[in-house]
Amino acid sequence: MTSDTEDTAPHLRFDWDRRARTAVAEAVYCEGKTHAHLLTVLSQAKARAESLFLTRLARDQFEAITAHHDLDYCELSRTAIFGSPQRNAPAPAEVALVCAGTSDMRVLKEAQRTLEFNGLSTKVYADVGVAGLWRLLSVAEELSRFRVIIAVAGMEGALFSVLAGLVPGLVIAVPASIGYGTSANGSAALTSALSSCAPGVVVVNIDNGFGAAAAAIKLLHADNAQTRA
Amino acid sequence: MTSDTEDTAPHLRFDWDRRARTAVAEAVYCEGKTHAHLLTVLSQAKARAESLFLTRLARDQFEAITAHHDLDYCELSRTAIFGSPQRNAPAPAEVALVCAGTSDMRVLKEAQRTLEFNGLSTKVYADVGVAGLWRLLSVAEELSRFRVIIAVAGMEGALFSVLAGLVPGLVIAVPASIGYGTSANGSAALTSALSSCAPGVVVVNIDNGFGAAAAAIKLLHADNAQTRA
Amino acid sequence: MTSDTEDTAPHLRFDWDRRARTAVAEAVYCEGKTHAHLLTVLSQAKARAESLFLTRLARDQFEAITAHHDLDYCELSRTAIFGSPQRNAPAPAEVALVCAGTSDMRVLKEAQRTLEFNGLSTKVYADVGVAGLWRLLSVAEELSRFRVIIAVAGMEGALFSVLAGLVPGLVIAVPASIGYGTSANGSAALTSALSSCAPGVVVVNIDNGFGAAAAAIKLLHADNAQTRA
Amino acid sequence: MTSDTEDTAPHLRFDWDRRARTAVAEAVYCEGKTHAHLLTVLSQAKARAESLFLTRLARDQFEAITAHHDLDYCELSRTAIFGSPQRNAPAPAEVALVCAGTSDMRVLKEAQRTLEFNGLSTKVYADVGVAGLWRLLSVAEELSRFRVIIAVAGMEGALFSVLAGLVPGLVIAVPASIGYGTSANGSAALTSALSSCAPGVVVVNIDNGFGAAAAAIKLLHADNAQTRA
Amino acid sequence: MTSDTEDTAPHLRFDWDRRARTAVAEAVYCEGKTHAHLLTVLSQAKARAESLFLTRLARDQFEAITAHHDLDYCELSRTAIFGSPQRNAPAPAEVALVCAGTSDMRVLKEAQRTLEFNGLSTKVYADVGVAGLWRLLSVAEELSRFRVIIAVAGMEGALFSVLAGLVPGLVIAVPASIGYGTSANGSAALTSALSSCAPGVVVVNIDNGFGAAAAAIKLLHADNAQTRA
Amino acid sequence: MTSDTEDTAPHLRFDWDRRARTAVAEAVYCEGKTHAHLLTVLSQAKARAESLFLTRLARDQFEAITAHHDLDYCELSRTAIFGSPQRNAPAPAEVALVCAGTSDMRVLKEAQRTLEFNGLSTKVYADVGVAGLWRLLSVAEELSRFRVIIAVAGMEGALFSVLAGLVPGLVIAVPASIGYGTSANGSAALTSALSSCAPGVVVVNIDNGFGAAAAAIKLLHADNAQTRA
Amino acid sequence: MTSDTEDTAPHLRFDWDRRARTAVAEAVYCEGKTHAHLLTVLSQAKARAESLFLTRLARDQFEAITAHHDLDYCELSRTAIFGSPQRNAPAPAEVALVCAGTSDMRVLKEAQRTLEFNGLSTKVYADVGVAGLWRLLSVAEELSRFRVIIAVAGMEGALFSVLAGLVPGLVIAVPASIGYGTSANGSAALTSALSSCAPGVVVVNIDNGFGAAAAAIKLLHADNAQTRA
Amino acid sequence: MTSDTEDTAPHLRFDWDRRARTAVAEAVYCEGKTHAHLLTVLSQAKARAESLFLTRLARDQFEAITAHHDLDYCELSRTAIFGSPQRNAPAPAEVALVCAGTSDMRVLKEAQRTLEFNGLSTKVYADVGVAGLWRLLSVAEELSRFRVIIAVAGMEGALFSVLAGLVPGLVIAVPASIGYGTSANGSAALTSALSSCAPGVVVVNIDNGFGAAAAAIKLLHADNAQTRA
């Protein structure tokens, strides 16, 4: 005999007003959630005609819910969009997304999709790791025009310090869990970002592309609010 | 016989143009520097008629150099200002400074003096730790008006998440080395800040009030530049 | 040739008198136990007409023994009950069970089933994480009526401090292994709980819903004993 | 020139109502506080005719403020009482205080004075470490009569598990920073307490005698409230 | 095209004289070894008519080599014996093997088979964890007759200290990787063993039943040598 | 609906001139790269008629690309060579490769193939761990003739210190992730190498056979350049 | 007003029968004990005409008690003997004491004095670190005659493995807190000892010369008992 | 009564032949050594007419021995030279010494004096941290001419990767214990160096300027030997 373990869905208290209060709409962090939880959330969103952003959605979770709800799923970043984005992203790009190597793209992509769901436009500068410094220097001037730069790097994370020493915009560092031995799980990149000798680097959790994007949204939301006022 | 160990001063390569390039003027991190180093830097600044900001200046270092150069020294934050600040700080306050307990004031003060040296005005909200939630709630509305909030907390650092869930501005979390046992050296507050369940918290190194201020300067510098343009 | 590795069952020394001595009946921690061990324990229980509580029972272990013994299995919490609970749980609820997010339900459920097996009644307050503080505040008054509150949270575990600052009852914090990077494996929530700025939070091991429930049983057992006396 | 660094006292937001709300009066954690902060708090207490409990008060801090305010100071536990305790402690003792070795007495004493300041009576069972098991066994029956036992141990902290396996009362484990090498700073005792094989051990931070006492107060406060009702 | 990666076997330099030099015959640690390596070692042993002891032999490794060589395999301890043991184990038992719970049996078994392969006799005392102290006390007198006791425990490892405080023989502590959260991977038991308040506990690596047995062999080999002389 | 997640390949900025600048040709670190990334890199190499070295290439990655490009793959070391090596490796051997046990061969092999791809000749001395010191001593004189020795060891990594105390050449230590408990993941060998009491040991990351080889190439490249000049 | 904090001495429960029970007399670990505690213990010993061994006795503690009691104090090892040793140490030496460098002598000395207080004779082999292997090899044959060897080493602790590979006696490894960076506090030597590739190394806590000696006493006590019987 | 604790000097086994065997003369690591030890070593050196290099010599140690022996002491690097260097250092410089900030000079100086004592000439490039990249780029061409570059950096250690990506010579990374929070004690710089994305960086222990120099000596000794041959 097996108890019904799926009676937890009624306990959901979704924070539909978060966007009004904090500038960033609540997103659904899917790790550890049962299929029943996810289906309940999506049904509530549909009933309220809200669009929704899902992070850390594993392929098997996606497959379990895609039969009932239509989702725009990106496997590389494990994100999904239900409904339509918040507004049309304007040109020119508002946030620069920089990464050290192509292995960092899955994290960068999580940030990019979060930003675009929230109506911000982006431009990607990939594979500009410092072991070949000419790659970063060749885009330094272009990067200097951005107010906010989200930088993703694993290994030793030297990119964060070098970049912040070159540009006036805020650098939001996202350590990536790329590497092995002393850099396994992104810990070396994390301590590197926090210990940066270049002033003005701020940091989010390892692989937290969503969090970096949320910070950028908080900043640029205020600007847009100001501009519209 | 003792070798002359002070022949290192000629090696200095001060980055006088950093402010133009990165929005934040280079500051002198004084920990581990000999008195000779510090005197050389100050003499160079005097010769170029530059003002200068010094961090982590221990009392004995201050005393060794104050005979030769006039400094505005704050012992609580171990910062000193040589010369005059960059511009007059405007009203109303541009950056909110929040701390959980009065023991965090030394870190908050480092941020405050960095901001004011760079011409930004501040307002302090102290002793609003979450163990007595009414303290934070009583200033929440006021805090909602700021684009950037620097929050300082030690112990378990719960302030960061609660604050970020209440306001639309960017929360820059500064873990403070307040506590003992599992929170000794600020490590618990640091992991708390990085692991925050509230999206949009960004983090700097433990006790790094200067770094948090530098990030705020990078952000608001762009605004001011835009405004002037 | 393979040796018989299952000759270990005779070594079992089950502590059938633990409940009389320590208020909490011994439970079987199933991780790392062979199917033969588990079958031996259950046979002994059946022979003595004892009911039994099993924790960390993986699905494949459950399946291996369910052919021989009838169990009430809950897959979410990986617990099973053999035989019947200790006494009928009275109304009103004696212990409040609080969790930050729905991903914490598997740990909360382990606590709940432990309590109910030992004859204590519970009430669940789920999804009251501090990123949306209104959710917790809306139930704060109700929570103030409980002598013991078991709180489950992963990520940065800010819930523990905020809750303990709001209510007079004892808060037993159960860090949950929810999160990634710096909060992977529940370590951030654990240090948060131990470092809490709110006095009177006590802590058990990560994911140890059973241990939290055992502590509550020890407390309320004494009360009931007193009441009956 | 030195700035006035003592302008932080006005920022104090003391939580005078905490006792009504959470059963434990706010205490002043003195580490990292300036003399000016401490004097301000004491003056406010005097003005409101409140008594006050101070923890982690270093001898030099005590000496700086004792000239202005009369304090009952205990150097071993670094605690001080300003004014008079909350109520007369009744007999018989309500909380048992157990420690493994005499080096743990400074932590035990912090718990004892916290309890007594809050009107609870205590009994001490010292030097009952498990290396000489007869010492603990000789008091086991006596300890079985207590609803709450605060146990302090450093080194490997084996006391916690053995004690919890012997008595029905709740064991609040306080790891002590006694030891060297792998047990330096109390980390071995902490992980031991959290990993205890005996169900129903709850844990507070290393050396946190105050926190253990606060938990006991929360529990027994409810009892007393119930009794009085 | 795939290179021949199995050209490494010729590099083997097996230490056939180790037993004469250090009292313990070299055993083959199989983790990370390719099937080709293992087959080469066994062929060399067969050619020299040596018997051999293999540790950490995974089931798939066993299956790959059992077609070519006859082995006595124990899956619980992942050990195998090739050929016959060193001498007949005498009665009475020379080494006591103690473990806290039945989950520790796989480690205890590795020690037992190592001892028996080297001609030492053993007696097992299982499931005597300290949470039910009567279990250990009931065999304490019997254990006092052994010169060497190998004790295996996971979780918080309190068994080591309690045991060493009760008996005059040497206690060799083997921390076991049983547990979760703070005791995951045996780290809590390891620090507990090293930090023991009971003098005379010596420690080997986590799960290293083989190493504990090797130490016992070194000790008792000398005795036997002495006795025979 | 699933987004096209493979649009990242255009972002590649391959550093084809690295060899001219730093003496070591850029290699492709394949962990975390999608099949599309790998195919793009190989196509670019083919178009430029460049040969290429790939590290950490998992078998499934190899299989996905081997249909399109011809590779010399070594499964033990997870390396692949595309095209032909840089020059013919001369005799006698220029670099000695030493390892403690046969389990270390996969790391040694990564170093060996990197060296040979870059035109350096090698000689392997395997299975010379210090537990049987005669094995190392028997080759010590031969090893003394090498300018550079790459040594691979897991467990406690004692080989590094013993070797460096015996020979005049530079010892490049590569800790290997061989072991369990305290040596799991190679951390014990790493700290051992860094803490060596024998002066002149230099260290690379755990399992980084490629990095050790790259260092040797940097050194011997200069020699060869000098010789040719 | 300062409370009398020295009322803790009455709590002492000294384990005078430990030697009969566990072969090793209880010693007084002095770290963290107040002068009053120490004086009470010594007075009790004097009253019972017991001799006593004190460890970790700081110079200021020694000076505070030497006025009242006559002690044989060794500053290097911070040990003191009160009264006379247990029996005359016989020749030839029963335990070999080996250390890697002269900085390890303070730990070796703690072991030596513990052994001699308990009536065992010793011989010291100092400064035989493996960086100059000839030093250890020159005494290897002599060391092969000992049943028990206590080895002390800091830094990377390679001595333990090399020694255990050379001799048949039991090697008790004592990691010493010698070194800096990755070997600071003896952690590298500790993990090295536990991860040793040479079977039969057993380990005690960092700097725990006393514990190593206690283990040797337990072993040789049994022998002597046997011999006498 | 105090025992003579200084009887340890006779135990010294100085490795006077190390230079012939390993290319680097043995140096005296002074941390933890008593004054008596140091005086004995110096007397032995004087008697053999050997010059000697001392590292980690604290000022109080220097003062205790300078009365008896003439030393060239450098307080910044805590090194001393007894007698005269090995040979005259030739021009041009053979080793480049690079450091990120002036706080790193104490470590760089230890390397420099070790090299010069062993007859190698050096050139210093100080204060070239990557936060102001122009500083490093302005000397990159000059650095490209060196076969060996010793680089010292604290904080996040980004210098190592950037430098190794620019020059063909071997980069020996020396993490410096500069920084606070996550970079305290040099741990961030260490993991950064080991995790470097630029191939060919080799690493020594934190603050180990001596070890980096020893590695350079091993390399260039071979060259010089070759050149002379």
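Just a few scattered comments:
Note that the chains are named A, B, C, D, E, F, G and H in the order they appear, and that numbering of residues resets to 1 at the start of each chain.
We take it that a contact is a pair of C-beta atoms (placed from the backbone, for glycine too) under 8 Å apart; a residue touches a chain by one contact, two chains touch by 3 or more.
Computed from a prediction, not measured in an experiment: that's the story for all the values here.
Using mean Cα coordinates as chain centres, the one most removed from chain B is E. When chain B is fitted to chain G on its Cα atoms, the angle of the rotation, on a 0 to 180 scale and to the nearest 5, is 180 degrees. When the contact pairs of F-H are matched by residue number against A-C, A-F or A-B, more than half turn up again in A-B. Rounded to a whole number, the gap between the C-alpha centres of chain B and chain H is 34 angstrom.
Separating the CA-averaged centres of chain B and chain C is a span of 44 Å. Centre-to-centre separation between chain D and chain F, using Cα means, comes to 56 Å. Under the contact definition stated at the top, the residues of chain B that touch 2 or more other chains are 18, 101, 131-132, 164-166, 181-183, 190, 194-196, 198-199, 205-206.
Pairs of chains meeting the touch criterion are A-B, A-C, A-F, A-H, B-C, B-D, B-H, C-D, C-E, D-E, D-G, E-F, E-G, F-G, F-H, G-H.
Within the complex, the chain H residues that touch chain A are 100-101, 129-133, 155-158, 160-162, 164-166, 179, 181-183, 187-199.
Chain contact summary for the complex, chain G toward chain E: residues 18, 21-24, 27, 147, 164-170, 172, 190, 194-196, 198-205, 210-212, 214-215, 217-219, 221-223.
Of all the residues in chain G, the ones that touch chain D in their complex are 1-3, 5-6, 8-9, 11-15, 18, 26, 29, 31-34, 37, 56, 175, 177, 185-186, 190, 205-208. Chain B meets chain D in the complex at residues 70-77, 101-103, 105-106, 109, 124, 126-128, 131-132, 135, 178, 180-184.
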